[in-house]
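Heads up: the structure comes next, in structure tokens.
Naming follows writing order (A, B, C and D), and every chain is counted from residue 1.
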Amino acid sequence: MTALLEARGLTKYFGGVLALDHLDLAVARNEIVGLIGPNGSGKTTFFNVITGIYRADAGRAIFDGLDITAASAQAVYRAGISRTFQRSRLSLPLSIFDNIMIGNHKHLNQSLWFNLFRRDDFKREFEAGYAAARELVDVFEPHLADRLFEPVAGLPMIDRRRIEICRALISRPKLLLLDEPSAGMTHDETRALMQDILSVRARNKDLAIIIVEHEMGVIERITDRCVVLNFGRKIAEGPYRAVAEDAEVQQAYLGAT
Amino acid sequence: MVAADEKRADLRPALAALGAADAYLIALLAVESTAAVLALLIAGVAAVIVAARFGLVGRVARAFAAHEDTLGLFAVAALLVVAAVFHSDHFVLLLLVTVLLYSTAALGLNVQFGYAGVLNFAGASFFGIGAYAAAVLNTFTAVPHLVVLAIGGLASALIGCLLLLPVLRTRGHYAAVVTIAFALLFKTFLEVNDVLGGPQGMPVPGMALLGWSFNDNIEIGGIRLSFYMSYLVASLLLLVAAFIVVRRLERSWIGLNFDALRLDETAASCFGLDIARWQITAFLIGNFIIGLAGALFGMVGGFVAPNNYTFADSLILVSILLLGGIGNPWGLIVATFIVVVVPEKLQGIQEYRFLLYALMVIVVLLFRPQGLLPRPVRHYFPGRKP
Amino acid sequence: MATSGDRLGGAGLALVKPGTCAGRAQLAMRHRVREKGRGSRPEAGSVATANTMDIGLFAQYVMNGLMLGMMYALVAVGFTLFFGVLDVIKFSHGDVLTVGAFTALATFVGLSRLGLESQWFDLAVMLGAATLAMALLGMLIARVLVLPLRGAPPLNTLLITLMLGTVLRESVRLFYPQGANPKPFPALLPRGSVNLGDFHLRFDNVMMLAAGVAAIAALQYLLHRTKLGLAIRAVAQDEETARTMGINFTAIVLVTFAIGSALAAFAGVMNGLYYNEINFGIGLYLGVIGFSAAIIGGLGSIYGAILGGFLFAALQTVGTVLLPFASAYKDVFAFAVVIALMAWRPTGLIREKISERV
Amino acid sequence: MAGLLRIESVFTAYDRADVLHGVSLTVEPGSITCLLGANGSGKTTLVRSILGLTPPRAGRIIFDGREITALPTHKIIAAGIACIPEGRKVFPKLTVEENLRVGAYGERSKAAVAARMDEIMRIFPRLAERRAQLAGTMSGGEQAMVSIGRGLMCAPKLLLIDEPSLGLSPLLVKENFNIIRHINARGITILLVEQNVHQTLAISHQGYVLSKGKVVAAGSPDELKDRAEVREAYFG
């Protein structure tokens, strides 16, 4: 048992379109894997199949010894995978704190009795959650650390993306799936974001990451290994420098010469 | 956090607002002529607009947010003052009881729809289930009346279970049809079913607690109080209890779950929320509260009939929610006052009141789509220092 | 048709105990008028009291069911058209039908005063006036209330159009001369019938059915054979791409609302001719059923709406036949089946493929 | 410089975040001008800005000597721009023929529509065979033909083509690029938005490279081919 996540032969059709074509992909513990490829090559579909939003048509996915091929989204989260979305999916009317705590669902006592009538115990759990959320926000957005009860709707897109990452991290997942975390950011903002992600991982040695990203500078700097998709198939795999030189990858991105 | 401390210290704007509202309400209830009522209504709207211009409304809202418990007590006191002023006036007291119980029912609907996003266009039907349960139990059994109230709530929740499967499976407009169909089915069923009195309905024996009948007028030291005073106190207690429960629910992880699933089911399920579980929870709790209020209302009214629990009445409950500001319990109480009291006071132009009422809702929705008092962001422990 | 007289409003304030306390409160509050369902209406069940079921009786049921189904379908088609182009529910649709029926009636009264009593001419003018006026009203509603609320939560649109329905309904009740009372509607179609045993095949019913079929066929022709219909279908499938093809989205929405509302007026006139009576509440009842029919059929599909309309009428008819001793339960039965259908097919019988982008 | 289409320092925001930070470019009449850039560089947002679907927050767009910046989409199309949208976006429940007819929505003359329809059928014989088929049931390559044909139906002065190679196999991509060149040869100016660098440059007269919402390079295909910015825009 070396791999944390092991997908074998994952296949997904949308109508007649083959979105994932017998994809094999493994992620080791504490590894950062870059998932790259042109638009429509199946990266987000892979995330959606792994996290139980779509059901795979064929193939298997094993996470941490558990078969998650047909697992529900809830079960996948409980097993220790959390994610961000390509188009930010925060709950805009809710506060920063609320959004982050949605990500902490599995560590919160959900009993009706506890929530309604044991308010002292609830307060303790709330304070612990607040401290944890604040600690994370302190890393990603120190300027928001004292403003956790402001609605997310008032924040610029860049802040929202970082809050989304906090939401994915608060439950201390074993695997984090980042779907274009830097979309809409400038180069400098992207660089800062990646630094923050690395610093969180430096503290949490057990965290593996799969990142979908278009900015190759990011991919080069933070990933241990890259997997390149095209038409739902894996066309290359290896350290970034090696795959960037790969002829098939060049062709996928730049077209045939 | 100087600003926060200042906010905490300043109760006065809210107290002043409560006092003004109290005086206004007494005046509104006291005047008889349609012209005077209209003048008062216009003055009230103008006053609120002016206050909003000068930022007073915001200060009141902040004070309410920071001192809800204290101000809640003051609000209860303010209502009792109104009741005391009109202590022998059946009409006014019944109107107030109606407001209190409609508010309670709207609180239940708020849990379903305002928090969890579960549509319910059959609110009046579940209200009616509570009332009919009270009618049957009070007429044919000797079950203590407090227990009858609880059974009214349970009956409403239980019958609601019939709708669980379609409610859970459908979304949006499709979900609306499920409850609309139920509302029509329920009313037709009552009308054609002779056991429950058919279209004429059936009487509900009044409430009695420990041998004391609520339907008797009260004499204290030579002052005669309307029998509705007992119902008013009971309704007020019920509303306060429901308010506290709903507030705690909102300010808990469960309230957070409700919001999360309402706003984005896919994201919520990616963070482990069991969507069905929380939708069921919200639907049942909401129906329980609605049924509870309905049972007491049945006893207050002394009579239940199908025509009082129609789809149109359900729409009134929904419009209370939207008018008040979805998800804001204070807002819905204010909205209930408007929706219940204003048409009654416009008896003088009684023919036109529904027309005016509908136009008012349209105007509010066009120009203030978020409702009169939009729901503020959640604070689990208001006034807690960051 | 118990719901026909319900008014929005009047909340629980009527829940006063009669007799226990005869104060001023009671008097004031009991002022509420209770409109009861009108027994005079011929309903699907009223023709049959016999226990035996022969062919003639069966045919009678089928005929009545078809008439109801046609009216429901015409209303449902409107709901589905509006939903198709704009993804909204316009709940005042049923009350537009009422206003349409009353417009036709007013036109008739006007023509009579002018001494024009040719029944075919009257009917044509009535139909023309009602459909044209409702088409304009539909456009006005879309322009003023529906389009501005595009960004708001769908429920706001639903509620605002419901309230508009109340405004229309109350306006008819208050401003049409003696609008609160049921009005006789002229029987302008030939009254004869062919008797086949127990079955009376009424000419007017046949003509109305034929007219309904013609209206639906005309709609199909418009949608599938004309440029306008092409634009409507393109907008319904993909609003943004339709706009990038040069289609004026707002104009198409307005035209669609005009068409749907004209169909409602048509159904309103048909309702009047069938029952020979209209009242201000007919639209609420037909609107709710039309909406249910559009939903069980599957929103956005014309065929679904037609199927839903006839299905609902069939359910009512079957309810009458199955529960001969308690045919009053037919609506209970029909709505219970609607609820069950929603549990079985949560997005309607004719499924639109819905995929969510994550 | 006249230019058929001139974009002058356009800023466009999407959900409170600027996606385009002052983009300027010119499309010369009769040319194929290409806009290159990796995913997320803002190419599609620029197309949406030109079409009026996401109007710019600042800047001007001038087409054929006339400012179109604040016009509603249908007027922009009426001015002579047609679009072949990203992902083709055929109307799935319309037939091939109906899809093409929607493309000619602004054309009043029935004869003109019929003539153009015949012409499209000549260019794409495959569509002629499948005139009555629902577009949603066709393969990706066939849908691409429908989308291109639809774009040509209004006889535009300028054709915007957004990522025609997206999700197509290399063979189909090659075929598509041939068709684009063919269309241009018949006098239609083309703004080609692509991420496929080599084939795009091979058929273009002029090119711009977009990265993070800014134009980072511009020039003739030969100049662009070896510029470091192009590679950087894709491979960092």
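Note that contacts are C-beta pairs under 8 Å (C-beta built on N, C-alpha and C of every residue); 3 or more make two chains touch, one makes a residue touch a chain.
Keep in mind the model is a prediction, meaning the values are calculated, not measured.
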Please give the intersection of the contact partners of subunit A with those of subunit C. B, D
So, comparing C-alpha centroids, which chain is the farthest one from subunit C? A
Two chains sharing the most C-beta contacts: B-C
Distance-wise, how many Å sit between the C-alpha centres of subunit A and subunit D, to the nearest whole number? 33
Centroid spacing, where centroids are CA-atom means, of subunit C and subunit D in whole angstrom: 45
Rounded Å distance between subunit B and subunit D, as computed from the means of their C-alpha atoms: 56
Identify all positions of subunit B at which a residue touches two or more other chains, and write them in rising order. 266
Per-residue multi-chain contacts in subunit C, two or more chains: 358
Provide the list of subunit A residues touching at least two other chains, using ranges where the numbers run on. 53, 85
In their complex, what parts of subunit A are in touch with subunit B? 51-53, 72-74, 76-78, 82-83, 85, 89-95, 98, 101-103, 105-106, 108-110, 112, 115-116, 119, 122-123, 126, 146, 148-151, 167, 171
Can you list the subunit B residues touching subunit C in their complex? 89-91, 94-95, 98, 101-102, 119, 124, 127, 131, 163, 165-166, 169-174, 176-178, 180-182, 184-185, 187-189, 191-192, 199, 203-204, 206, 215, 227, 266, 297-298, 300-304, 306-308, 310-313, 315-316, 318-319, 322, 339-340, 343-344, 347, 350-355, 357-359, 361-362, 365-366, 369
For the complex, which residues does subunit C have touching subunit D? 227, 230-231, 233-234, 237-238, 240-249
Under the touch definition given earlier, write down the residues of subunit D that touch subunit A in their complex. 14-17, 19, 38-41, 87, 139-140, 163, 165-167, 169-170, 173-174, 195-200, 212, 234-236
Which of the residues in subunit D come into contact with subunit C in the complex? 51, 53, 72-74, 77-78, 83, 85, 89, 91-94, 98, 101-103, 105-106, 150, 154
